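Order of writing sets the chain letters: A, B, C and D. Residues in each chain are counted from 1.
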């Protein structure tokens, strides 16, 4: 098997240049690549475009990259809960492109799967349809949307092996597996890095073929946005 | 006038045995509390879970297990996890039978507006556009009027819309209404103590009244 | 959880009518729904259209349905290894539509995922492209292909629970999971049917939402086409 | 003239460390036997496996574990299983670096024909059209001439084609040839004992000869 391990987050993100087009896994703060975000904060780069379902919060996740003014554009489905984001957006310092969540997921999946375009009903008759081709199939209208690829996709898994095979946990899976395939270089940080042969081939969520770099992350904070408990 | 919990309670009566259901944030989330135990239904969370369980006990909180509202949750026996593309494949493919969500405006032909107010910071549509474009049955939970008293059931939406001709039924604090395929809100039930006259007055779009309009019954 | 169990294969296929459009999982003879095929053989129906990567062999799998003249049309990627198939085809008694394997897989996946059409490079410049829309993206040509849905999809899994959640084994997975989602009614036969809660939610290959009927199959033969061993 | 095994052996020299590779049925399958242990490569089987291992011992045969040629196989440490849509997502998405497959004809612009002979029973293209339309590097293993002695390296294919302008390199029983981006077969190596004249004579399409043409070297 091909060994994809790198030493740590710093090595993994060392060659990401200014202006790079990135994808980052996670939904809210769940399943975000915490170690890579920390390592990126120490790089002197800017004008990043980031595809991520959300934009973190003021002091965690992608919010940290925003605060350091490293981001030129966010491509997301929902960007609430982030005051600095709002400030930069209203000041015209940040671009944002909002995409329906299912369309975003399918565009990422298509990018990784070599599908340049597909049709979806989401957004027909709305602002989202502006400038897009509309076509009717079986009496229903659909929009044409295109596949999305990134220079680097940066994802977080639960367990991974040195060949890049990954297993996620709970709803921290979300966009991570589809982004793996859509990055020309996929960087995967995992909570536990194991030797090949330790993961059951039948239970792997992301085949190692999609992963170019893998390392075991440290000190996961896993912040919770809405701690909700029953009595 | 119904409370938020009563709106949820009334919507729960629309749920049928064997359904897979997506509940939006806010009042729709409360619907789960009123679905009778006699019905076997499965709740979908579009961030990647079928079979949403109750909120966890303090000691069971897991940051890797949240719903689409980013609240910590639990799983049930028979739950299943998947990625975001699979999640919306379910929604888009019509496998989710019922979507319940909130709205800022609904038009008499079933258009819905619930994601953007011009001049205000736009947070994004999340999964709402996919849900309203795909589900076979869409029920809206909403207040009949804005805080300033203006009707939110309109001839045409004034806000940017989320989806066209998709809403099938509305449960507001005043009434249960169906959207007629040929246009118009068909008044089906009144909230306890609310008159047809009041609903007429507070519905800006075309209101259709067919015979006696019964009061809602709560069990 | 919603209980999807039916008694057996006979009950599962009892309402499949003459002229039905079916999908059947399997690659070669691996992962085919043996019990449902046997039960179908006892039904007095015909003119079936079957989407399946292959067409079985003369005396096993879909070959048995062909031999009993129940099939009007096969939609497959490769139909070798079946003399009766060849005879019916040459006599004009059977229609066949050949589709590139990856296009077939993606059309089935699209059908289940509510994608009415997508673009793929497979078949550009060949017979497969005839009559289809060609479009260029990023300097490369692609064909438009449509999503496929079936009246019934009939699949075979290794383990399943009463809610219809499925786990496959080895390469017997193949087309089974994607066909589950593409059938209006999905019938799943499993080697072992367990109670809900016995399968790990994180290791399920096919979520139960796609499955309408499930039962535990019997007496799996699992015939091997090319027994190849090393010394 | 090379034997089938020698063709496979020569093609194995094209394999680079770290590649994911799809091997077609026939001679391409034999290539696996000649990939040096010093190279870490992963073989893909399009029916749903990355990491094809050797054929099983009699007692380890598993009907649920076959390759795309329907032969029983084994897995390796680090192997992974997936469904057919995922498998072709890998292929179509360009994640598989190298495809090696057989051909009935190749044209001087890189078209390949390998799935259909008019008048004969058509068995289907299987995954070949997806593979040739998607892989960044496609190497063909083939006999230079048909049994009746006619060249299979042509100006244009006479058989229905599988893909256009996709073949990068050909290893035949007589020679190694590259397809020039501007058209033509560039003769790179001769099989031991085979003259340039013989290759010229047996290549019907445009043959490009640049300087001395070395004989193949086998380790």
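Here is the rule we go by: a residue touches a chain if its C-beta (ideal position, glycine included) is under 8 Å from a C-beta of that chain, and two chains touch if they have at least 3 such contacts.
Which chain is which protein? Per UniProt: A, C = 3-oxoacid CoA-transferase A subunit; B, D = 3-oxoacid CoA-transferase B subunit.
Remember, it's a predicted structure, so these values are computed and weren't measured experimentally.
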Any chain touching chain C and chain D at once appears in the list A
How many Å are there between the centre of chain B and the centre of chain D, using C-alpha atoms for each centre?
56
Distance from chain C to chain B - Cα centre to Cα centre, in angstrom
36
In angstrom, rounded to a whole number, how far apart do the mean CA points of chain A and chain C lie?
33
Would you mind listing the residues of chain B that make contact with two or more other chains?
81-82, 88-89, 91-92, 134
Chain C residues counted as touching two or more neighbouring chains
106, 109, 113-115, 120-121, 168-170, 202
Chain-to-chain touches, reported pairwise for every pair that qualifies:
A-B, A-C, A-D, B-C, C-D
Residue set of chain A touching chain C in the complex reads 106, 110, 113-121, 135, 137-138, 140, 142, 146, 167-170, 202-203
Chain C - residues contacting chain B, complex
1-3, 109, 111-115, 161-163, 165, 181, 196-197, 201-202, 204, 207-210
Enumerate the contact residues on chain B facing chain A in the complex.
45-49, 54-58, 61-73, 81-85, 87-89, 91-92, 111, 116, 121-131, 133-134, 160-164
Of all residues in chain D, which touch chain A in the complex?
17-18, 20, 40-42, 44, 50-51, 75-82, 86, 88-96, 134
For chain A, which residues count as touching chain B in their complex?
27-31, 53, 76-80, 86, 89-90, 98, 100-106, 108-109, 120-128, 158, 168-178, 205, 222-230
